[in-house]
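Here the chain labels run A, B and C in written order, and each chain numbers its own residues starting at 1.
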Amino acid sequence: MNSVIVRRVLPPVLLGVLALIAWQLVVQLAGIQPYLLPSPLAIWTQVQLIGPLFVPATVATGTNALVGLVIGAVIAILIALLASRLPVVDELIAPIVAAVAVVPIVALAPILGSMFGATSETPRRVIVAIVVFVPVFINTVRGLRQVKPVHRDLMRAYAASNWQISRTVTIPGALPYVFTGLNIASSLAVISAIVAEYFGGLQNGLGSRITSAAANSAYPRAWAYVFAAILLGVVFYGVTLVLERLASRRRT
Amino acid sequence: MRRTAGKRARAIALGTAGVLLLALAWELYKSFGPLAGWGVGGVLLLPRTDDISMPHLGAMLARTAEPLTSAADSQPVWLIVLLGCVSSLGTAFLGLLIGAVVGIGLALVMLRFRVAEAAVLPWLVLSQTVPLIALAPLVVTWGGQLQFGSFSWQRWMSVAVIASYLAFFPVAIGALRGFQSPEVAHTELMHSYAVGWWKTLFYLRLPASVPYLLPAMRLGAASAIIGTVVAEVSTGTEGGIGRLIIEFAQSGSSDPAKAYSPIAGAVLMGLAAAGIVSIMGLALSRYRRNEAQS
Amino acid sequence: MTDSSQHAVEIVGVTKTFAGTGSKRAKSQGDGTVVALDDVSLTVSPGEFVSLIGPSGCGKSTLLRLIGDLDEPTAGTVSVFGKTARQARIDQDYGIAFQSAGLLPWRSVAANIELPLALHRFGARERRDRVAELLSLVGLSDFGDKYPEQLSGGMQQRVAIARSLAEKPRLLLMDEPFGALDEMTRERMQSELVRICAETGAAVVFVTHSIPEAVFLSDRVVVMSPRPGRIREIVPVALGDDRGELLREDSRFFAGVTAVREALHGAPAASAVRGVESR
């Protein structure tokens, strides 16, 4: 146990602390102006100063990310189940999935804005859902195909029905993959929710706060909102990581 | 590995059918969907279907061929979009290049020094969970301060830096995994030959990493393009596709079909980048002999 | 004993323990360390074929790895041609083949055999000639341009053996090289190995868990026992230089198999004539 902490936890923590100290020293000693790079202490002061203001902005962006994540993941899992049953579905959507994977989805923000109304949160949630769809879909399909031949033969020997096979072998085997996809998707969801705000629309989230602070040359404040964005990203990542670990622990 | 011609034809036919079905769904919804959209408690859950919100696909295509403005010397929309794509692709490529160099460099350091891997890897993972692209507006202010002699920092360079920040991560992770992929028998063989770290790298680890590097590069390229488009928007960089997306969308109510051209351009950019990586993969096919079918 | 430089391999009082923490290799016992080898001594003469045999966990592979300097002994010394194992590795005094052929998939068969020569900067002409020579030695002259995936398991293993011979080593280390092959391919490969060894005159240390294989190939069979890894008995076989397929049905061969089996199982069963003395 101790050696795990020494080898796995200590080095990154040490590196992080050293980097923060170096950052602080460089900013102070070289006299770097705050509009270039504020010191960590200055950012922290701002964080404490405007702490309460974080909450509504973080909640707005976080809700968009969460709603999009859930909707995108549910649709992705349903279509993946369909595609694993009906190969023709898989073939129909293969090029669309491949294209969505390499295309900047946030670029859809303006037209979604006109489709759903610029004062609505819906466009952002749709963007998050589309972005989330790809990793969850790809991982779920991979998981569903991951059935070990020996298990398939066993179920065949038991003359199990399709539904029994799905329930006892396919779906439990695929679950860890689904959660791996969710884990990848979680950071993308937060990033997309923030970035979508750069393309206009409601000005209530973290992305809008960062741009407006930067536009007003309030750089420590902009960094403070970046700090909040980091926290949000870490929370999403951490929660899905725990879910993934729980799901894969049950796998033998 | 090799698919028969019949299977390939089927994949292409069905793939095309999938795209056509998507287009059909758009037109059907536009014809029969509620004109003002549908929603609960003032929040629209289904989009509006009037011509401003959802133009006909034909109208989008037609608009692409027309000149941008009514001025006599105005260029057609498709040409402007194409030029924007080329400009953004160039920036994204530079970003990917920087990202690949940094990523592979980091992977080498992590490969060489265990401590570095333990110390750096968690931060790399973290760096992607945190939306540092949020920093885009700030990066521009840094660039504005740089000036050496006749060289002055341009905005598109900041865009490339932001793109490289998004691109380096998949490359670093993929390269590290690839460098560590040789079997024990291979590394022990190199050890038995009494060759050093660098020779092992060039003869064994680098070739073995190709199957891992290619998908990483594809991800990196996609990330670089996303980074470029977003950074162009948030930094207001002229000339690229990101700028066109915002600009054309602003004329939304009077000229709704125009907004779709740069988005199609962004899709094309993504596909072009993926295509370039695939061509790279063909050139390196020798190193992908026992790659699992993806 | 005579001057140690006359031995191909000289192992004196070697002990090897693995720490139990974190290592997959070792299932911990008591204090968490595993004794893979306990005070093992063995010499191999130039040109001699010695097999190491024993149940899994008896340390036979570990012993081979110590000779090749892939691992280092906890106590005792390993010398190869009168040098330390490390120096022998740096001087490339041995060639090695593993259970998996371990061919690099992106190099052609010829390029795989050429690998050690390329690594050690032999001239282009010399490399080409040597590769052609080795390809014909292992009977794969027509396959130089093929890639490993296009070859059967037995052919891949022949490429690996050719590669291990590339620098004309005086010592060959082989860790169950035929372990993954089917029985028929295996017997054919054994016959070829006997021929190749006769042609090159190299000493061989050969790890196996097949009794007939050890008897057919070896001058001496080293029988080992596990927990802790020790040499239980050394069975001299020495069936002579003429080892054709007929030998497999010869009574001397069966006597050797019986002797090794009895050594492996500890108590010598009251069996038939013991054609081979065990010292």
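The rule is simple: a contact is a pair of C-beta atoms (placed from the backbone, for glycine too) under 8 Å apart; a residue touches a chain by one contact, two chains touch by 3 or more.
Everything numeric in this text was worked out from a predicted model, so none of it was measured.
Visitor: Testing understanding: with touching defined as stated, what is the shape of the graph linking the protein chains, line, ring, star, complete or other?
Guide: Contact map by chain: line.
Visitor: Taking each chain's centre as the mean of its CA atoms, which one is farthest from the centre of chain B?
Guide: Relative to chain B, the chain whose C-alpha centre sits farthest away is C.
Visitor: Hey, how far is the Cα centre of chain A from the one of chain B, in Å?
Guide: The separation of the two C-alpha centroids amounts to 17 Å.
Visitor: Please report how many Å separate the Cα centroid of chain A from that of chain C, as a whole number.
Guide: Centre-to-centre distance between chain A and chain C: 52 Å.
Visitor: With touch defined as at the start, can you tell me which chain B residues reach chain C in the complex?
Guide: 183, 185-186, 188-195, 199, 203-204, 207-208, 210, 286-287, 289-290
Visitor: Once bound in the complex, which stretches of chain A touch chain B?
Guide: Checking each residue of chain A against chain B gives 7-8, 11-12, 14-16, 35-37, 88, 91-96, 98-99, 101-108, 110-117, 120-122, 186-187, 190-191, 194-195, 198-200, 206-207, 210-211, 214-215, 219, 222-223, 225-226, 229-230, 232-234, 236-237.
Visitor: Which chain C residues qualify as touching chain B in the complex?
Guide: Contacts found on chain C: 68-70, 89-90, 92, 94, 96, 98-100, 102, 104-106, 115-116, 118-120, 147-149.
Visitor: Which bits of chain B are touching chain A when the two form their complex?
Guide: 10-11, 14-19, 21-22, 37, 39, 43-45, 47-48, 52-54, 115, 118-123, 126, 128-138, 141-142, 145, 218, 221-222, 225-226, 229-230, 233-234, 241-242, 245-246, 248-249, 252-253, 256, 259-260, 262-263, 266-267, 269-271, 273-274
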